[in-house]
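Note that subunit A is present in both complexes that follow, paired respectively with subunit B and with subunit C.
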Partner chain A sequence: MIGRRAAIAALCAAVAALSSVASSAPSPAPDILVSRQLLESQQLQVGDVVSLSSDTSGANPRSFRIAGQYEPTPDPMRLGAVRLEVRMHLPDVVGLTAQSDPLDAESVDAINVVLANDDEARATVRRLMTAVPGTLAERTGNDERRAAPFVVLERFHLAIAIVTVIASSVFLLALMLMLVEERRATVGMLRLIGFRRSRILQHVLAEGVVIAITGALFGVVLSVVLEGGINRFFQWRYDTALVFVHITPGVALRSVTVAVPLGVAAIFASSWSLLRGEGISLTRR
Partner chain B sequence: MRALIFAVRSLVRQPGRTALGIIGIAAVGALLFDMLLLSRGLVVSFRDLLDSVGFDVRVTATDSPLPGGIRLTDATGAAAQIARLPGVAEAVPMRTATGEVWQTGRPVIGLMLTGMDPGARRPWTLITGADLGPSLAPPDLVVNQSLMDEVGGALGSEVTLRTGCDSSRAALAPRTFRIVGIAQFPFDDEAQRTAVMTRTALREACGDDKDEADMLMVASSGGAGAAVAAIRAARPDLVPVTNEQIVARMQTQGFTYFRQISAVLSTITLLFGFLLITVLLTVSVNQRLAEIAALRALGFSRGRAAADVLLQGAMLVGAGGILALPLGFALSLWLDQILKAMPGIPASMHFFVFEPRALVLHAALLVTTALLASAYPMWLVARLPIATTLRNEVVG
Partner chain C sequence: MEPLIEARSLGKVFPMGGGPVHALRDISVQIAAGEYLTIRGPSGCGKSTLLHILGCVDTPSSGTLRFDGRDVSALPDHARSDLRLRSIGFVFQRFFLLPMLTAAENVDVPQAEAGVSRADRKRRTAELLDYVGLGHRAGHRPSQLSGGEAQRVAIARALANRPRLLLADEPTGELDRANGEHIAELLDRVQADGTTVVVVTHDAALAERAGRRLVMRDGLIEREEHAR
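Showing the complex of A and B:
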């Protein structure tokens, strides 16, 4: 009922004891894959034969041939950690790490299971934990525990965004107040030659919408332009393939949805004193 | 003094604009202040947490200062040898394991277990009940409040515990322990369930005849550096590290994300503040060109006119900067609360921690921003042609 896929991916933490041996002579050494970071830091090449040991002193080493390099799966929780890693076949890991205890050769850290029917995941987890006491079985998908740090970070970024929007709104309001001040005489003239308040209000709102939409679109374009630069900088800084900034249509739409009404509101609020004033007083004559 | 009063009057004459300018700078300044607190908050908090435990050196078998890695062997002998070294006050072996509390008809409760040899210092604070004693029939267990709440018994009650001592070993048979006290463990997060027993009890529960420990907790008597040097000389096979070295390592690896985001947001807020002040002062100067030209015609020097602009900028930034401090403090409490929901963060750790240097840096950055932002409007005022400006204003 349960399809089972062998858990082959095993990491060897014996990097400290790694040393290059020879590269030319043919060897029966088993194949391993080496992370790009380890390959670069130790100046290794594909085809090299290296000695690995699970002992920090380098005791009891075994020879392996580097069959290829790989890029470690980006992991935000390991940001800043240098990924010095090796992947090898499970029997090789067991052979390298097993000690005198006969159980060592029979032990693995985890078994990855692929279910024929995803809907049975919860029931299967329950059955496994009941059938084999001391075993921890959990779903890999929809794992709230793993996603929790990123949910928290998302909340933090949202909070920062709220503060930034508040500061921007105040800035915008101050700017618009000054611009409106410059147009006090113009509005006064319009009132004196017969323009109604509602007509001027329409004009102000139309202008506000145009400015707000232009500003919001400029902001989206700027963020799209900066997206590549920011990603490249942090990918270089942390030596990772992680994507740090990703402007999706949803994010862009949300930004515009927040920015445009705020911009219009700022223009309307700053123009309020002009709309309420009498024409003659506005012209200051 | 007159220049100051004149600048104050210029600002007060346009209260709406001035108030908005101050509020804008306060909002930007608050964010900047928070980012400065965040930049070192975790490091300072983590260092305080390590120091609060009472041990300032950790000795491990490898260069990893965290428990759960390769254990050091002959722990009792190593601890005794290190404790005899000059500059060492105490050395206590510590071993960690996982555990499960088994109760009939109730779900299994997972927990983190620590086994420590008795010593003068203990890295937990007893809240109620008794501390660990030598009893092994059944062994004593001190638990945190979270575990006590889940177990639901009273002090003195017995619990059945299955220990997980090695990931490559089969599950061990459950054993009975007696809960003798409730303690606060400094590295616990809000939801963590923790218990501590003597290392002898843990060894027995693990069915282990090996005298192993994850680390030796060492308290120095003459400074951590001297203790580390003495340990290195006596036991070159072991790796002693000071709290400062652990903090330095975490600073370059573990906490780097928050330092980066702090640096990015600090730069953005400063740029934002610079734009805000520049625009406010420049537009203000442009609207007052006739007035400034008239003042120059009446005898105000270039320097005096430029100083007026600079003082206006300084007062806006000063008022906004002062307002930013309580605002930033309140904001930091909110942001800290959000980030502390992150799993695995000890409850006593904080992301935003106040240091006097943050205050000094905050003031220095705002002053620099004010000076830079005032430069362009000051230049406009200093270069203002008096006659041409007056004529243009009159004709306009």
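Showing the complex of A and C:
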């Protein structure tokens, strides 16, 4: 994509001056696409003929026929902005913005181009700049200024995650220690029957692994289930197609690899004191 | 004939904050295979401590203990565990059944740990529960059993791996007279079927059932009685 969005932005402002014309009238009006949000807010329908102006006062309107609606590309930088937009053919943009002054026909100074193949961006930029001297072409992707807020957000998420894990580990350990009294009796009985310490340790660890894996999987399943609900709520709230939560296999795997050793460690730590000492002292009260 | 148990000058000291407690001072006793021995004496005289040492749950501070000719007084923990699992059965005053398991599962546990096959375990468990008269209670949990029944399950569990020695610490202490009587009869039967039985008890009637009776006081054997 190239340049700024000046032209489109101007049109966004212009839709304030938009007015509907009887759709039955036969018209040579050129086709435009209207964003879903604009269509809904103005109660328009595909096939309607509308007037657009580049001026907020609605001066020098032109008629266009709504050929269809589209869902604007989600953009986290514009979260909360109502996307009242139209898409039109380039000559129509020129015609609409350059009515009074013929020089204005040259006035489109920036256009965005979407490439079918994103990998060709660099080559395309180079080709454009050599083919049309004086053109400034640049990629919009990989823009650090644009990405910076998300880097901050990501660090913030990481911090929240770390605090959550530490707090829940403390909670888990406390819970385990509360269950120690019950385990004390069980471990003591098994020791009296003749279980070796190492065997009990094996059982404890096996139990810990099963509990930890079950818990981790439960967490992953829960988050996958909630994922749909959270996305739907915020998509409704901000009227966007943005995806807010996405549990990828990588995320799930990372959660499991953190949770399982943590769970096993908690069970191990809470049982450790029980395995020391003689069976009989464990059952003594 | 070599005795099953041969204890020589056993002593046990518990180092405590207010000075060491001498639970056992000098205990020497031989117990023949198949014998029925009871131990009684006032509370705190060291009966349980002696039983724990004889059962390889605890180790003596001094003296030696031989089990079936083998010196077990200084065995490492895992070796004592194996000995308990295969050769010694324990019965306690408070039953110590695993509360989350059924009667049958409680009897199954030591056999599983000893590596007995599933089919053999099943057969042995059913046989043992029948032996203690609880075949119909196999699926019940300890909380669903009366005290007497729980103690019978505990005896079945203690016998699971056909131990040479059954040790019981106040097995009737939590039971009423009728149930205590029932347990006493069961212990008689266990001994008659060839297992060496040592019972610590306050209950004079239970103590009287044994052919040989020790009376302890202050960590020492005060006297020994024999049935006429």
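Following the convention adopted for this analysis, the second predicted complex is superposed on the first by the 226 of 285 C-alpha atoms of A that agree within 3 Å, B and C clash if a C-alpha of one lies under 4 Å from a C-alpha of the other, contacts with A are read in each partner's own complex, and residues count from 1 in each chain.
Quick note on the criterion: contacts are C-beta pairs under 8 Å (C-beta built on N, C-alpha and C of every residue); 3 or more make two chains touch, one makes a residue touch a chain.
Computed from a predicted model, the values in this text were never measured in an experiment.
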Residues of subunit A touched, compared between subunit B and subunit C (which is higher): B
Which superposed partner A:198 touches (first subunit B, second subunit C, both, neither): second
Touching partner for A:47 - first (subunit B), second (subunit C), both, neither: neither
Touching partner for A:91 - first (subunit B), second (subunit C), both, neither: neither
Which superposed partner A:163 touches (first subunit B, second subunit C, both, neither): first
Subunit B versus subunit C as contact partner of A:229, first or second or both or neither: neither
Touched partner set for A:189, first subunit B, second subunit C, both or neither: second
Which superposed partner A:68 touches (first subunit B, second subunit C, both, neither): neither
Partner chain in contact with A:171 - subunit B first, subunit C second, else both or neither: first
Touching partner for A:181 - first (subunit B), second (subunit C), both, neither: first
Complex contact set, residues of subunit A against subunit B: 56, 79-81, 101, 103-104, 107, 109, 133-135, 145, 148-149, 152-153, 155-156, 159-160, 163-164, 166-168, 170-171, 173-175, 177-179, 181-182, 234, 237-238
Contact footprint of subunit C on subunit A as seen in their complex: 185-186, 188-199, 278-280, 283
In the complex, subunit C residues that touch subunit A: 52, 57-58, 77-78, 81-86, 88, 90, 92, 96-98, 109-110, 113-114, 157
Residues of subunit B touching subunit A in the complex: 16-17, 20-21, 23-24, 27-28, 30-31, 61-62, 70, 100, 162, 164, 167-171, 252-254, 256-257, 260, 265, 269, 272, 275-276, 279-280, 283-284, 287, 331, 334-335, 338-339, 341-343
